[in-house]
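This structure is in structure tokens; I'll ask about it shortly.
The chains carry the letters A, B, C and D, assigned in the order they are written, with residues numbered from 1 in each.
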Amino acid sequence: MFKRIGLIAKRGDPRVKGCLDRLINFLQTRQVQIIIDAASARLVSHSNLNIAANTEALGIRCDLIIIIGGDGTLLQSARLLAKHDIRLVGINLGKLGFLTDINPQEMEKYLSEILDGLFIEEERFLIYAEVYRDGQCLSYSNALNDIVIHRWNMSHMLTFETTINGHLVSRQRADGLVIATPTGCTAYALSAGGPLISPSLNALLLVTICPHTLTSRPLIVDGDSCIQITLCRDQIGEAQLNSDGLLCQRLIPGDLVRIEKRQQIRLIHPQGHDHYATLREKLDWGKWL
Amino acid sequence: MFKRIGLIAKRGDPRVKGCLDRLINFLQTRQVQIIIDAASARLVSHSNLNIAANTEALGIRCDLIIIIGGDGTLLQSARLLAKHDIRLVGINLGKLGFLTDINPQEMEKYLSEILDGLFIEEERFLIYAEVYRDGQCLSYSNALNDIVIHRWNMSHMLTFETTINGHLVSRQRADGLVIATPTGCTAYALSAGGPLISPSLNALLLVTICPHTLTSRPLIVDGDSCIQITLCRDQIGEAQLNSDGLLCQRLIPGDLVRIEKRQQIRLIHPQGHDHYATLREKLDWGKWL
Amino acid sequence: MFKRIGLIAKRGDPRVKGCLDRLINFLQTRQVQIIIDAASARLVSHSNLNIAANTEALGIRCDLIIIIGGDGTLLQSARLLAKHDIRLVGINLGKLGFLTDINPQEMEKYLSEILDGLFIEEERFLIYAEVYRDGQCLSYSNALNDIVIHRWNMSHMLTFETTINGHLVSRQRADGLVIATPTGCTAYALSAGGPLISPSLNALLLVTICPHTLTSRPLIVDGDSCIQITLCRDQIGEAQLNSDGLLCQRLIPGDLVRIEKRQQIRLIHPQGHDHYATLREKLDWGKWL
Amino acid sequence: MFKRIGLIAKRGDPRVKGCLDRLINFLQTRQVQIIIDAASARLVSHSNLNIAANTEALGIRCDLIIIIGGDGTLLQSARLLAKHDIRLVGINLGKLGFLTDINPQEMEKYLSEILDGLFIEEERFLIYAEVYRDGQCLSYSNALNDIVIHRWNMSHMLTFETTINGHLVSRQRADGLVIATPTGCTAYALSAGGPLISPSLNALLLVTICPHTLTSRPLIVDGDSCIQITLCRDQIGEAQLNSDGLLCQRLIPGDLVRIEKRQQIRLIHPQGHDHYATLREKLDWGKWL
């Protein structure tokens, strides 16, 4: 099934080393080639490992990549690896993640099954944002969870106009806007008041952050829509664009952000994985008084 | 293009007659056959019209049906006609509807264009609910907007369990549950706090009505999902199932409701129709303080 | 401190007897007179108890009443006892209640302290609803949690007009309206989307149930306000008025409901009682992902 | 009634001059002394006016102050004048404000009545925030609408602990927290999802901004409560404290913010002023589909 296994570990977490050592010991008992990225290689006791210069290089050489860390580590890797349509599986060091669902205590058991071909594979798409100023593309970034446009430094609310496939949707005055994939509905979109979305749905979610109106509601549109947000020229102050929580671009009045679905990764889960069980566990969803 | 035009008018509205007479005068200037349902025929001044016994009969004989009334009239006709995958266009007697978007003042202009083949056609799917008691199917109904399970008579909250494709989603204590199509997101689901959904999205929306918890959120799942709701056996009191606002079935503890997408209609809009413009007009959406 | 202790137990709960027997044994070791209502007396092993014909009679004779049951039992007793401005303390048979906060396992310890004068006393006010039809008062009821006006039987939404101290507040189309005391903010008002309110605040909370608009928000007004709700005459169908969840009156179009603060009870808590700890415990409030 | 009238006008708005000239002409026909702040004096055609060095000086010398501008101008003046428990009346240059409710077209009529003693007077309290670092008070500020603690620069969510009168209320992970007066419930607290509150209620409103949980709700507490917010020491990144939208203090982990009611102003309204009418006008409140 999987023959070339890549390993990526979270930086700066003291729990990584023990987990990574155990993982390599386990993988060495299986007929697979192990490739580790250079930064993670410095953490482990094993020598003579195949080393890849960086995350992107792993993407070219591996057919399965194991992430040791949390949802943040998986998100960051996913953005870098998305161009390779790669398979990822996540081992969480701390509590259960939405994306990293294998507990270190049970990793040998579940990874055995996965290497034997017994697993669930889910496609999760990313979105791609391009920022245009005066007609020129300034920058671009991709995200597995969300692209967020947010006012910078609490100065004034933003005013912005949103179109979908060229149709005006709304003009709003707000702190910002979250454009999330179904994967991202449990991240910042949830904080901003958005709904839950089945991860397999081909849809994009728009949630306004602190709209200065009573009439705002989250909006869910077709995943193949082209969303454009234009910061109104008469607004005061600046904004910023974040991809999966990382600052990607400062925005000024008149800037246009164009967002579309592009690229995907393949999340590997153990057999019996149940997305709704994770929601109930993490969100206390369905618990009543 | 369209050669056999069916007419259905709202019952009991004094504004219908004038509008229907004008509409028939207009259609008689075009090379089309006019067929009217028996109840509407009694309202008009014209004689010698082709009459269909009922709405279903119109569905067999026509390739376009014009509804004169409001969203309620169109909903009711759509449920009866859905098995014929029919084209419907709606003329609103009062204010702009989400479904009936032609103003009577402009109906000749827009219908001319539509008969000339200049129009926008949208597929809108219906959902189908079956109620099972002790393994037997008691009743079924279809809906273009929503299926609602609601407690009967304010006695006690309901407790119910929801599964999607056989996976447990939640156990809830609430007044009820709305299962809506994207078409229905502006109907009762909106009142219950649901998001807006693009009408073309292949998705189903679940919104809990007055959940007795802080942890409930609307849920959007794939349109091809099979949703099952089971009323818990330990609950006190009864519930009812409504399709597009009409009472269809009393429910008792232990009853199971199975809901799936089935059937569709084709909504015809004038060229230039803009769904988001209707949302802004009717919901004051995107209006800020 | 307290010399005449009344006892009221929940009906039909098998856990009551053991708890009530223990409670009477404990109280007989203290220099207090025990008075029990006739229905509860039938549950206990002790004979020669002072018996009161009913709950109201207890209110006249006692200076502290102990409720064994849950929040529902305390609510029901409070409504009957409110005219006596009585002190109540609640022992919960099951899980922690918002109102009944003494666990049976620890009741001797906490009741000892209370009988020694070591306790927290909180005033909780009730609201009083009068229903007028054609200028005549049809009925009245009181509530410790909430008065709810709700459509009857899911027929059509209600349209109603709300005034506060004679000023029009809103005309709404909705399933209904909750008028809650601060005590009731964790009951049905919470399900309808209302905020949390400190129980000592002199305020009334209005939360619309499933409003058919985007522009509704909960409203908090001075506790001494006079709230009037009039069901619009052009609505179809009926409504009902519930006090603390019990049906009190069927309503028809044109009916006017007048709601004001009236009466109070005194809730006795063990020393160290912390309302916010109860909220965190019961609502998972302040828990993050 | 009022003998010494102060005038304060918005800076940098071209509509001010005409309105201010008319206002002075009108006031010169009445037996009152007019005092204008130095900055506003430069805008007017009249000479020989009594000039006060600044807003605070006006507060000492006047018994009524007329604000020409919008809610922002009135807020700013109120903070500076609050120590004098002064009467303020607002003329809005643009659209109706929540605080500035006299239209310039009608100002002579309404001000005549007010000078004749025919008016409504409302007390509106302010809140006062002190920031403590390592036990030392770093800074303080007051606000008529709200004190907002917000993360700085989108880095990471804040984690903070809130106590009320020394009782722990919650530990939260969120973008921030709004502590609003009833006056401020239509400002940022509304954007963050808060309820509406009658302006006369003696209450404080806490609304969490984008909480990363499903279990957050707005909280309303007694107006005389002492609210303390402590930024958790283990958080990354910084926060800022804003008073009525103006940056007042950068915050670091470990900082404590103490907020209490202090000072008040007296808002003067024309007779017949109706707060709920303003809500309906500005928020489309009570409008249904």
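In the analysis below, contacts are C-beta pairs under 8 Å (C-beta built on N, C-alpha and C of every residue); 3 or more make two chains touch, one makes a residue touch a chain.
Keep in mind that what you see is a predicted model, and the values were worked out from it rather than measured.
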Quiz prompt | Touch-network distance, chain A to chain D, counted in steps | solution = 1
Practice problem: By the contact definition above, name the pair with the higher C-beta contact count: B-D or B-C. | Solution: B-C
Self-check item: Where chain A and chain B are represented by their mean Cα positions, the distance between them in whole Å
Solution: 37
Exercise. Could you please state the distance in Å, as a whole number, between where the Cα atoms of chain B are centred and where those of chain D are centred?
Key: 47
Self-check item: Length of the line joining the C-alpha centres of chain B and chain C, rounded to whole Å
Solution: 41
Quiz item: What positions in chain C touch 2 or more of the other chains?
Solution: 190, 211-212, 214-217, 283-285, 287, 289
Practice problem: Going by the contact rule at the top, pick out the chain A residues touching chain B in the complex. | Solution: 159, 164, 167-173, 190, 194-198, 200-203, 211-213, 215-222, 225, 274-277, 280, 283-289
Quiz prompt | Residue numbers on chain A that touch chain C, as the complex places them | solution = 186, 214-217, 282-284, 287, 289
Exercise. Quick one: which bits of chain C touch chain B in the complex? Just the residue numbers, please.
Key: 148, 150, 152-154, 157, 174-175, 188, 190-193, 209-212, 214-215, 240, 242, 247, 283-285
